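Heads up, the thing below is written out as structure tokens.
Order of writing sets the labels: A, B, C and D. Residues in every chain begin at 1.
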Amino acid sequence: MSAVAGSRPAPKVFVRPGALLPAAFLVLLGIAVVVPGLLTSVDPLAADPLNALSPPGAAHWFGTDHLGRDVLARAIHGAGHSVVIGVAATAIAVASGVLLGLAAGLSPTWLDEALARSFDVLSTLPELLLALLIVAITGPGTGNVIFAIAVAQVPNYARVIRAQTFVVRHSGYVEQALTFGRSRLAITAGHVLPNVLGPIPVLATIGLGQAVIAGSGLSFLGMGPQPPAAEWGAMLAEARNYLRVAWWEAFFPGLAITLTVVCLTVVGRRLQRRFEGRTP
Amino acid sequence: MIRRLGAGLAVLWAAATTSYVALLLAPGDTVDILVGDGPDTPEIRARIVAEWGLDRPEIVQYVAYLWRLLHGDLGRSYQLQRGVGEILATQVGPTAQLTLAAAAAGVALAGIIAVVTAGRGRWLRGAASAAELVSVSVPPFLIGIVLLSVFSFTLGWFPVSGAQGPAALVLPALALGLPIAGVLGQVLRGGLERALEQPFAVTARARGLTERALVARHALRHALIPAVTLAGWFTGTLLGGAVITEILFGRPGLGQVAMQAVTGRDMPVVMAVVLLSAIVYVTISTLLDLAYRAIDPRIRG
Amino acid sequence: MTTYAAPPSVGTLVGVTDLRVGFDGTEVVRGVSLSVAPGECVAIVGESGSGKSVTARTLLGLAGPRSTVSAAEFRVSGRDALAFGPADWRRLRGRFAGLVLQDALVSLDPLRTVGAEIAEVLAVHGVVPRARRADRVLELLEAVGVPDPAARAGQHPHQLSGGLRQRALIASAIAADPELIIADEPTTALDVTVQAQILRLLAERKAAGTALLLISHDLAVVASIADRILVMKDGLIVEEGPAGDVLGAPAHDYTKSLLAAVPSAASRGTRLTTGAPRTRPVPNPSAQVLAGTGLSRSYGPRRVVDDVSFALHEGETLGVVGESGSGKTTLARLALGLLEPDAGRVSLHQRQWSHLRERARRPLRPRIQLISQNPLDSFDPRHTVGRLVAEPLRLPRAERHAQVLDMLDRVGLPPETAARHPRELSGGQRQRVAIARALGPRPDVLVCDEPVSALDVSIQAQVLDLLADLQSEYGTAMLFISHDLGVVHHVADRVLVMKDGQVVEEGDVRAVFSRPRDPYTRALVASVPRMPARTGPRL
Amino acid sequence: QTTQNATLTWAVETQPITLNPQLWSQNKARLLVFNQFDALISRGEDGSFQPWLAKSWEASDDGLTYTLDLRDDVTFHDGTKFDAASVKANLDQFRVPGYNPAVAAIQLKALDEAEVVSPYRLKLTLKEPDALFLDFLASPYAGQVSPKSLKSAKDLKFGGPDLVGTGPFILDRFVQGQELHYRRNPAYQWPPAGAAHQGPAYLPEITYRFLPEAAVRVGALTSGQVQVIEGVPATEVGLIKKDPDLTLQTSLNSGTAYSYYFNTSHPPFDDQRVREAFREAVDVDAVLKSVYQGTATRAWSIVGEKSPFYDGTLKGTFGGDLAKANSLLDAAGWGQRDAEGFRVKDGKRLTVREVASAPFVRDRRDILSQAVQAQVKQNAGIDFQVRIVDQGSAQKALEEDQYEIFGNSRGDSDAGAALNLILPEKGAINRTHFADPRVDKWLASASATSDQAERKELYAKVQRAAVTEKAIVFPIYVPADQVAARKSVRGLGFDPASGTPAGAYDVRIGT
């Protein structure tokens, strides 16, 4: 005489055309990061002062910037900087977030409490301000920006992992594994860790988008990769002075950032739906 | 409550100390900053060191720093030649105005969009969701630039800058508030839709409630819970975003001061800003806890 | 298969012919006809997913988003419901018919007070003036038997027990004095004693002249109160008739199997699915495998298990019954060595068990295994069935695989199941996987914590038969926990009755249930709903 | 026709670090200083010194005493009288330890003492002759501050409304990060000799709004929200010129040209051929055209064209000869190239680094560096790395000799002052590590004489030595200031001493 759990049909994976576009863009982005040469043969740093600020046309599809560099080539090569910053920062943040979160979730109460407070301290500073502070200390540059964004994002992941660890630690299957006579270490490695990682793909995909935005924000403030590196945020920062004469110089890097983040978020949400679909 | 206060103070102390240590680790030294672009001779340096007390051991400087903090003395800015407290006092107002206006704009926009579109037709929801997605995906400074170009330079509806009057607040508040509206809109709509599917919502319908009454009386409060948990994030986004917005719109405020201080490594100002934002964060998260309790009786214990 | 298709007569409150409801193109209600006359109690019974709830909700226009509803004729309150707009439906809901939803525990808004929820109906339909509303809410709470209504009205649902919540929900359903109450599984999540109270409450409303449409998966529950019973399967009504006829002389095979599958005193010693007799392992009273003496355990100030002793012998099944919160699961965890007792000790094979270090306990763990109520929760969501079943096995890789297939075969699952994920299986299949996994290491003791509570009667019957078969094959001793007295009566040799962490009565199952000595046991036994005379009291 | 009561809003790029004239350090703040304060003397268009608060002055033949006759009709904004005692108080303030160590150590190095001879006559005694002393008296440092407010000001180092002067405007509001607001000083009767009118200023009020974003400044001007802007970005110059509602005025700055100084203390720039090759590898005209849209004036010497000491003969002596650049580098042993096309020698790439401190990068010099970077890479295989870092890191790099190029321009009203800092072996900002006894001697003699013709000749020798003979410097452009305004704004001008925008004394709104 108890509630009857209806079994849910297994989620089907639909391939809708709308789902394909973001994925296709991300693939293109991946190519731009790894082998930008496939997409353009133009040197993103080659300045041609005499052809500066020429509008989009046959010679330069996206026009040229204030130093006569090809905006398309710079946008493509910019992926390398912007996306790598995002990916590296997210990777570092995820790795340390998982480690810290897991440690907190499995620790005795006092240590857990201390770790949780330290996440608090990190989050008391707005992300951008913290990144600014770190960059101000370490100096501008790609590596430092990555580090800064990573540090700022660690608490996000650590908190989720910590909460997730609590849940998994008290779940039926961990208890069950105990009755099989498995050791704590084996259970942590075999059940807890893999299961707390569940939300990470989703969080990381969406976090990646936010890291790209944060990176471009820092670049915009002049704290990012140094000139002449093509980085979308830095390109935008330079281009803002030419808005009235050359909209294309700002438009394309802006579009690149926006599309990247939109596509990452869309894919992240789709992952999330699939993820949620499979854990009732 | 006492425990929360204690934890809050501990967080503040940790924030102050962390930033102090972090700045000590920075390259170059304070004297360089004070010398600046000007002529640089050993005599000038010696005078500066003496004047700022930089010849004392670091630990002494740190203790002195904490001691002064306890007395509400935030020190003197290296760059701006003025008391930090005084600088911040003039800057808190504009930033508070900006962030509150942005928060209000974000919340209002998100609320309206969520209530109007929750559970409605595919197209309406699709459009709202796309708009939200774009608003969180466009870098905030780009939103600012576009708003400025369209509404100020071209249409001339709003002044470009400054902190005069409500009209000057519209564009910066929007620039800062739109990404928030996007996130909040998504969360609220998701919450509303989830609430509207719950058994208690079906029960309420079975009592003869209209959909609108259902949203107003039941669903909205449920949707608020996840939104409230995000508010800490909003605070960070607002304060961080204020840096870019203030610079872009030429508004006075903490963000601008912070940026200036950070690039100039103006230690006292940086630390004061860090401390201030920690205070804001701690205060807001405490308030949120209370709000949370007010909304959700289940956690009142 | 017969389809009942009499046109609703004019006097009916609700009448529908050939009702079809589909979600996203799949029809889940496939031509149901039914009618409810004033003052009548109609019950729909059927297994999970047969479409009972959807039918009930559709009668109030609440089939939900993405649903498509069609009917040959659909009359509500004498009007043509097929032509209703949202406003027409709204005027009827709550006023003409009150709905008590299936998920009683979550059908009240957790953020609002119980009083506000009840008052809402009054406000929407303007049945009592604003000033009188608060009083009326108290009257209603009183009427449904909520003690201290004034205090309860100001509380939130989470502060109320399941029974009180269900009452409050019923109060809100009857607030506007509807002519019809639709109650969807109103007692499902409740303890037997509370269930009996709620059934009494509904019977009172019926006596007061309100018509009832009662939905349940439990035949015994509806037996006591329904005038007519409709048996539903796969979206169709397979049998319909006066309660006595349907239960006493079922015409349809499905109804028959449904009735036969109910475990009870009468079914002891038989296989539930076939009715054939089965052999029970003979307990060996000299070989004690598991024993607890003077066990106590507290959470905070509350003693959840209080001075409990028990002994379990080879081949024996010890049943543990008790209401929710009485400490059954806690006792199981103590027995499994997952929880240290505050006082007392547990011994396994007459050797120290509860006070061992985990390292010393580990090699012994395969001797005692667990089957829990919600198998899905006890499966690592990432693992396949094969991997899950293999986990407790300490065998070389090659043998392990063979053993897994063997165990799956024994629980009646095809070998392909090994590659699937448990979430792709039905509830009964999942419980089979759990059994396969628990029996893999050939334990001496099997602790079953409500192993069939989540299952339909027919599936429950299969699982109980399976457990019994495997037990007699392996001679495993079982600590069998259930809130269902019928189930315990069917499977157990001896029984412990628990209340508030204490054992109030213990003894041979037949003796305890037929001649309960303790007043609590007596109340418990009395609360069990009974089937009509044909099969006698079902315990 | 003049609208007497119209007010004006003027958008400026930088917010001053301090409003105290005695601590002034930014040329961009000059126009603000001279709204509020008057100096003792002023400079005419021809570079000559003219009376201001001092009616006349006389220097002794040995150049060791100056006697100033002051105006007797001047009052400070706080009502106190301006006289010889107040000038002395101002000068003495610089002697307060830690107050302004830089001025005390450089501009006032020679000053021995100030003596009040009579209420309006002051005698200044120097320890040694100083050709730049009059320049000091005409600089913002000599802006006269009420001695009373020097004592009572709440925040002396910052200045602000309670640090008062005698100028045509009274500062009555400062909002950090937002604006400065002045109102007219109705009692003002003592403009400098070169002023276009007499009596109080035309404008009753003026607001200076701080708008650091160039695009925002221009947007504010074109949409009529401000009437004047300074710091017009080169990209907008064309559009502004075309706009019939706007006017644009340009003036070259005085002082030194923006130049790259080569660090000669270590390779590769210890080799003069490499220094010359670097200069030849850049097509400066093309670079300037792309970066400044043709609005920048190419520089040929350290000293800017605006300065009377500019040596015109240097014009056309270097730059843009790619063949020469490459043959010079080949000759210097940098003949090989690596995979990326950069020249290498002994396995080391031909890398030169510029380190700049972010807060001091202005005028799109970061972009200029990028353009030069692209040019030297394409034209000569030189790896030019540009690092724009925070002040601390920049200072550290400079101290540790971790740079090869140092970009700098100075806005000193007397170019000689700048040369004294940059070129002598012990110069305070000698970043080239250049040491030439001849140059040191020429500079010393030029500082000791006040004969302008003689100074010009000496400075010409110095310039030739640095630019052509030793090639330690690569002059690039002469900084200029642009002011754009609505058509109705009249009387905008430039400070003759510095070439930066002048204060608002003569500004009016009319048709």
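We adopt the following convention: a residue touches a chain if its C-beta (ideal position, glycine included) is under 8 Å from a C-beta of that chain, and two chains touch if they have at least 3 such contacts.
From a predicted model like this one, the values you see are computed outputs, not experimental measurements.
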{"item": "Result of counting contacting C-beta pairs for A-B and B-C, higher pair", "value": "A-B"}
{"item": "For chain B paired with chain C, centre-to-centre distance based on mean C-alpha positions, whole Å", "value": "51"}
{"item": "Distance from chain D to chain C - Cα centre to Cα centre, in angstrom", "value": "88"}
{"item": "For chain A paired with chain B, centre-to-centre distance based on mean C-alpha positions, whole Å", "value": "21"}
{"item": "Distance between the centres, which are taken as Cα means, of chain D and chain A, whole angstrom", "value": "45"}
{"item": "Residue list for chain D, restricted to those that touch at least two other chains", "value": "213, 215, 358, 390, 393"}
{"item": "Sequence positions of chain C contacting 2 or more other chains", "value": "103"}
{"item": "Interface hub residues of chain B, defined as touching at least two other chains", "value": "26-27, 145, 149, 153, 247, 263, 265"}
{"item": "Touching chain combinations (by label order)", "value": "A-B, A-C, A-D, B-C, B-D"}
{"item": "Complex contacts: residues of chain B adjacent to chain C", "value": "119, 198-200, 202-210, 213, 217-218, 221-222, 295-298"}
{"item": "List of chain B residues in touch with chain A within their complex", "value": "7, 10-11, 14-15, 18-19, 22-23, 25-27, 133-134, 136-142, 145, 149, 153, 232, 235-241, 243-244, 247, 258-259, 262-263, 265, 270, 273-274, 277-278, 281-282"}
{"item": "In the complex with chain C, residue positions of chain A that touch it", "value": "1-8, 10, 171-173, 175-184, 191, 194-195, 278-280"}
{"item": "Chain A contact footprint on chain C (complex, rising order)", "value": "48-49, 103, 187-189, 192, 195, 217-218, 221, 336, 338, 358, 361-366, 368-370, 372, 374, 376-382, 391-392, 421, 423-427, 441, 450, 453-456, 483-484"}
{"item": "Sites on chain A touched by chain B in the complex", "value": "117-118, 120-121, 123-129, 132-139, 209, 213, 216-217, 220-222, 233, 236, 240, 243-244, 250, 254, 257-258, 261-262, 265-266"}
